[in-house]
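Each chain carries a letter (A, B, C and D) given by its place in the written order, and its residues are counted from 1.
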Amino acid sequence: MIGAAVLAMVVVPVVVALVTWAARLSRVAGPLALAASIVMLGCAAFTGARVYEDGPQSAAGNLVYVDSLSVIILVLITFVGVCAVLNSLHYVAHDVAHHELGERDPARYYALLLVFMATMATVPVVNNLGVMWVAIEATTIVSVLLVSIYRTGPALEAAWKYLVIGSVGIALALFGTMMIYYTSSSIVGESASALSWTELQRLSAGLDPRVMRLSFIFVLVGYGTKAGLAPMHTWLPDAHSQAPSPVSGLLSGVLLNCALYAILRFRIVALPSVGAGYTDHLLIAFGLFSIALAVPFLIVQNDIKRMLGYHSVEHMGIIVLAIGIGGPVALYAAMLHLVAHSLTKSSLFFAAGSIVQAFHTRSMHRMRGLLKVMPIAGGGRMVGVFGLAGLPPLAMFTSEFGLVAGAFQTGRGAVAIVAAIFITLAAISLLYHSVEVAYRQAGPKATLHRISAPVAVSVLLPLAVLVWISIAPPHAFVASLDRAVVVLEGGQ
Amino acid sequence: MSNAYASSAIDNLSVAMLILCIGILWVRSLGRALLLFALQSLMLAAAAVCAGLAMSSTPLLVGAGLTAAIKGIAAPTLLWVVLQRIPTTHDVQALIGRRTGIVVAVVLAIVFAQTFDGQPFVTAIGAQRVLATAVTVMVIGIQIMVTRRQAITQALGFLVIENGMALAALTATYGIPFGVELGVFLDLLLAVFVVFVYTGRMHVIFGSVDTEHMRSLRG
Amino acid sequence: MSAAGALGVVLLVLAIAPAFALHGGALRLRVPLWIAASGAALATVIAVRVVAGGSTIALGLWSPAPYADLALRLDPLGAAFAAIIGGTAVFASVFGTAYAHPRRVDDAAYPLFILAMLMVTGAANVFTFLVAWEGMALTSFLLVLGDGDQRPRRHAAVLYLGMTHLATVLAAAAFFLVAHEAGSTDFAKMAGAHLSGARASVVFVLAVIGFGTKAGLIPFHIWLPRAHPVAPSHVSALMSGAMVKTGIYGILRVSFVLLGPGEHWWGIALIFAGCISAILGVLYALMEHDFKRVLAYSTVENVGIITVALGAALVFRSYGLDAAAAAALLAALIHAVNHAAFKTLLFLGAGAVQRSAHTLNIDRCGGLIHAMPVTGGAVLVGSLAIAGLPPLNGFVGEWMLLRSLVSLAGSPVGSVAGATAVLALGGLALVGGLALACFVRLFGITFLGAPRSDEAASAREPHPLMYGVLATLAVICVAGGAGAPALVRLLRPVATSLLSARGAAVEPWHGIALDTGGSLSPAVIALCLVVAAPLPWLAIRAIFGRTSRSSGPVWSTGVSFRPSMQYTGVSFSKPVRLFFRRVLLPERQVLVSYHGTSPLPRLVKYSGRVPALFEERFYLPARGAAIWSAGRIRLLQNGSVQVYLLYLMAALVTLLVVAR
Amino acid sequence: MSIADAAMLAVLQLGALAGVAPLLNGLIRKVKARLQYRQGPPLLQNYYDLGKWWSRSEQVATSTSFVHRCAPAGVLATTLAATLFLPVFSWHTPLSSAGDLFVVVALFALGRALLTLGGMDSGSSFGQMGSSREVAVGALVEPILILSLVTLAIGADSTRLGEIVRVAAGQGGSAITPGWILAAAGFAVVLVAETGRIPVDNPDTHLELTMIHEAMLIEYSGRSLGMLHFSALLKQAILVVLLANVFLPFGLTAAGTGGHAIAAALVVGKVAGVGIGLAIVESVLAKTRLFELPDLLGMAAFATLLGAALVVLA
């Protein structure tokens, strides 16, 4: 049954995409895409429920393997995907009306969007590291095309840098994958299972530690580029600021999670042979460096979407730091932070999309009186900003608390405090910019800017879920996070 | 073909590829750089053939054929056509001097040779240094992208990286499982195709393929 | 209904109050504020019963994550501060119903602000404490921000939230260091940790800086004089009267409960910090001409006084003199309670002045006592109380502190501690004198003399509810003076719960006898004053018969009197400004322009300023440096693909070399 | 000491101080006049002034409020209340356990507050100028006053003035320590500043720009002016008695040993001596500028601080 669900989840959007692209159905492309994304969400939910009841599922001859860690990533992808399509309905129509996009572009846009979601959905369900690499490379290419959909100078520049840096990074990741394949194939023999990480995890104690260390370095640098870890993050702010906002919401919200998922899988595989100390120190180093490097760019930032991009770098750093710190508390905090960040960041990007369209500028200095001009988008944005700044009662506070608590438990208190100070500085600069934009007196001719229902839903739905999991998390959510922590620690 | 002969052939071919790589760094005109790249791809195909014969695995041979056809002939000619069509200078426009480029490449070669030496890295069929040279070819590919201003040379650098990777994949192991290898090949092709499309679009928007025009997104 | 149940009801009441803010009608009727007042009243009653009984209530709530559960545990120490918060909140809320303009966000955030403060004092573990602490910061940030259309208000709000956020990191570090030692983040278990040596000192310093920022100790006070004046008066009253005390509570909780007796230098450091905060606080208060900024700086001063008391208690405890430590601790608690009373009265008085005279600049007020006799009378009582003058409640706390410092100087506590006690005595005496000057100036310039502007002239008594609250608070200040022994008996269990010593006994004729020696009977002093006031007047009338009283114009050297001839706040504080010019470094400019050749000046323009030293010499340069360096680092993202690839390659090569 | 004894002692002290205060001031003015080779007003001049003021009717400024009218009664009340906490004839004070030296200082401060508020209420610039200077000088004087009394309190290990005098009397000659000398010097400066004597303020002049204490009384007339002057005289008497008894404790006896008459005589002698000393100081020194005061008072403050430190460290 799982095989069918997963297959449907991947095939349906691709088919719908091909149909909309081939038949140039620009007007009806939006609703079709929405239907396809809802189907995907349904399949993901179904898979999630099955995994929640009967534990990890595998299908199609062990090519598909879904456990609680991959379910979390999968459900997030599909949920944010639905919100992204909802947001795109109005966003693309507005851009077509303002002639920033051609008449035939919506068909191409929705087709690419669906393929993008399909490729992202395959990453967490696939058992074979090689196929996972192929899926991630595909996401890069499709998202590059989406970033450059506007055919303007900066969009092309952003897309070019994203493609070049992304591809080089992924090439290194492939080299790392092959090194693992090399050591495993000498034991298992030449077969597809030599690259499936469930097998690798089982026999990883026997793998040669020197090779595993080098491969982990290549994988970390490679997939770290895709996850936006500093110093390989340079493409991220450009890509996120030039892409259409629904796409940046997907990029920031869930694509980074896929790359991070890959790193987590390799960490699980490499753990027994290289020992936890080695991977932890690397992850802590990258995490701390990402948080620290993002702060200066946030203090003097003027572009609303670039600011959110740099926040993605910072929050990916936080998650990687939490994983590096290790221990059940910090790992739970990392997973909680991952979920909360995806929800908050995507909602903020969707809100930013309608804000940029209303104010016709991305510069925060020229945005005035956001709360008065756009109460729903502005209010949603403020809640998102308080969430991102890690203020209670939203989940990011609980996760940052868990990070510091876990760090002290594993004797790495100093690292956590240094990180906490950088996180606070970033939070302060975010609050400063957001308060200025939201509360600065609106100009005399500022009129109330109504946003359409789907956009409102796309902004408020993720926040509603965020508040739900922050204040009264359902048992299913807490249980699946706990199981994911068990998986992260190498269990089943 | 016996393993010993194949492994020594692969070793020599990989060293040759490395030298061609350094040649690309050295040569001034783009045309000659493309030629050297074509040669390198063909050598890669040859190495794949040796490995395929040694382990008598048909997927390796099919892979070698594909490499020769696409990377050896199709890609360089496509790049050559793009070069002709876009009225840009054929000069390589390197950011650093040729000699320093070579020194850097040599240093990188030594570093990686030292990192990847030792017993665990001997390939299945006994090739000693192929893994080290493969990584070095990849890193020099990155160096080509870093030190050249033209978008086309960056595409060339990207292709060199793929050659390095393919060398590591085809020879160091029994060849990664065919499905995966096909996927990898397909993705790389798509990436190269998108690079070509963008070089064309870049020419339309910026009037030249010099990446200096593409520095507006800062801070 | 058990006490824990009642506490649960309070939390529930305050939690659902914001829902009423959404309903337009309820908003207009100020229902959220009335609910907040009733919730706070109930909380005060519960807290007072817990303090008096010396018992503890525990109430487990739910847990948002496996490692983090929300639980309350109100012990006498927490209950004392909860009572202060509750009491202040009752008066501020009732005043707010008449004073505050109905705004949806403010009325929703206000009850949550009170709820968060109560949870801070009742937190049972580190997670609940930090959630309540940050929640308190967030809700008060929203209240300070208000509609946020003026720039200074936005900057004050963000500066406030930023500094609190940074301070919370330090405080959290202190808590976690102790939790790591004790193996659990529950306060009850952490109490047994009793770290020692360097680690305890690190925890102490982190806690003092972290909680000192919220308390407003110099040099972490800069947010206080900027946030209070922009916030609505009933919120400023709550922030100054109650929220600042949570900082004191934090220092108390860490230094007395979580850490052992500790080093001698802890107390001495606190005494010095307190003294400096008190002296500079009152000096800056004297230089301000905005009513609420004066009160904000005086909060810094009073927090300094409370910190000196805490320091004395710590020094006593480090030398093992627990009875004297309990007395000093009682002095701190009593002054905290009294400060909440008169500071709330003064801030609400400022609100009344703002509503009727439409200005808070005391140089534009004057003679308001004629238009607002009740408010004027209440603010007079508040001013005399905050200056620490006998019959009122401000004097009791100061007397207990001064008496403890004298016994500290006399007791066998080493020469450094003795010398510090003497310095503190001199410092606090100076602070007493300056406080008297400050509040005579504040009350005199605002309420006495002739009105200096037409707004002041057209002032009229505010809403009856407002001056009703002010009058009640004035009565509390007077009753707090004479009834101080009852307050001492109420707060004694806190000292016994922390230091197993009573601290002070209550004498038969309503006096207080401190364990450090010395006794005081505020009731007798009040009686003497009340009797001695009318006596001479009646005697003289009996001897010399009745005389008439007529009225005439004020004497101004023969010229007809104009209000502009009166002293203003700035000129009133000139002698003090000159006496302390080396500390305040005032800046002064006088521009004189003449008529052509005639010696008579046509126009004399005076402009003077007392710079906010800490801001201009430390915080602004630090901010500038941060922005400059951020600008420099920003050049890393210079747009060229080649450089970005170089970063990637550099990362790979370094990792290969380093982590092989 | 039973309630009856305390009440009797209180009445005795109150009557004595109230009676002697104007005489003491008359003595000081007579000695000052003699030093300046002029006749000077009769010793009982102050009584005549008080009698004149108390029988006169009052004129009050239009812009005053109840604060202006009630201030005189309040100021006099604080001074009268202060007399109940002093050791005048013996080291028993009527309300020894109700208050100590801090209460006396605080009562003076309350008096100062009410007086300044009364001065400001009329709105006259002279009243507000006097108030501004009074509180500024008061702020510098209070630390000196407290530190000098605390120096002795630390020695006697109690802040009750009666206790301090008893311990000092018990020590006899050995009470004269460096700490005591610095404290006495400090207290002398406080005595001059609080009573508005020459180096700090000029009691005899009515030149508005120089006076501090007089400026606040400028709007008062008739009965209120009389009460304010009487409280100023009483305060001066209290301070002189305090200086005499606390710093020169010999001659004081425990109450009820029949030595009342001798003790009273000794106290009157000491008070007269201090009064004459004051007059001499006033005639010798010139008035310092208001903005030079911090140096004078600063030096006194440092002296008392040093004294207190010496007592603590010894």
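Operating definition for what follows: a residue touches a chain if its C-beta (ideal position, glycine included) is under 8 Å from a C-beta of that chain, and two chains touch if they have at least 3 such contacts.
A quick note: this is a predicted structure, and the numbers were derived from the prediction, not measured.
Q: Which chains, taken as a pair, are joined by the highest number of C-beta contacts?
A: C-D
Q: Using the average of all C-alpha atoms in each chain as its centre, how far is it in Å between chain A and chain C?
A: That pair's centroid distance is 45 Å.
Q: Distance-wise, how many Å sit between the C-alpha centres of chain C and chain D, to the nearest whole number?
A: Inter-chain centre distance comes to 35 Å.
Q: Could you state the distance in Å from the CA-based centre of chain B to that of chain C?
A: Roughly 70 Å, centre to centre.
Q: Taking each chain's centre as its mean C-alpha position, how far apart are chain A and chain B in Å?
A: So the centroids are 31 Å from each other.
Q: Where does chain B touch two or more other chains at once, residue-wise?
A: In chain B, the residues touching two or more other chains are 115, 142, 145, 154, 211, 214-217, 219.
Q: Show the residues in chain A shared as contacts by 2 or more other chains, in ascending order.
A: 160-161, 164, 168, 172, 214, 237, 297, 300
Q: Would you pick out the residues of chain C that each touch at least 2 other chains?
A: 634, 637, 641, 645, 648, 652, 656, 660
Q: According to the definition of touch, which chains form touching pairs?
A: By the stated definition, chains touch in these pairs: A-B, A-C, B-C, C-D.
Q: Give the list of chain B residues in touch with chain C in this complex.
A: So the residues of chain B touching chain C come out as 95, 108, 111-112, 115, 139, 142-143, 145-149, 154, 211, 214-219.
Q: Help me check something: in the complex, which residues belonging to chain A touch chain B?
A: It is residues 128, 130-131, 133-134, 137-138, 140-141, 144-145, 148, 151-154, 156-161, 163-164, 167-168, 171-172, 174-175, 178, 181-183, 185-186, 190-192, 194-195, 208, 210-211, 214, 237-238, 241-242, 297, 300-301, 306 of chain A that touch chain B.
Q: Under the stated contact criterion, what part of chain C meets chain D in this complex?
A: Within the complex, chain C touches chain D at residues 366-367, 369-370, 373, 376, 380, 384, 387-391, 395, 399, 402-403, 406, 409-410, 415, 418-419, 421-423, 425-427, 429-430, 432-434, 436-437, 440-441, 443-445, 448-450, 507, 509, 511, 513, 517-521, 524-525, 528-529, 532-537, 540, 543-545, 547-557, 561, 563, 565-567, 571-576, 578-579.
Q: Spell out the residues on chain A that touch chain C in their complex, using ranges where they run on.
A: Counting only chain A, the residues touching chain C are 160-161, 164-165, 168-169, 172, 213-214, 217-218, 220-221, 225, 231-232, 234-235, 237, 278, 281-282, 293, 295-297, 299-300, 328-329, 332-333, 336, 369, 386, 389, 391-393, 395, 397-399, 401-402, 404-406, 408-409, 411, 413, 417, 420-421, 424-425, 427-428, 431-432, 435-436, 438-441, 470-473, 478, 482.
Q: Mind pulling up the chain B residues that touch chain A in the complex?
A: 57, 115-116, 118, 120-121, 124, 134-135, 138, 142, 145, 151, 154, 158, 161-162, 165, 168-169, 172-177, 179-180, 183-184, 186-187, 190-191, 194-195, 198, 201-202, 205-206, 211, 213-217, 219
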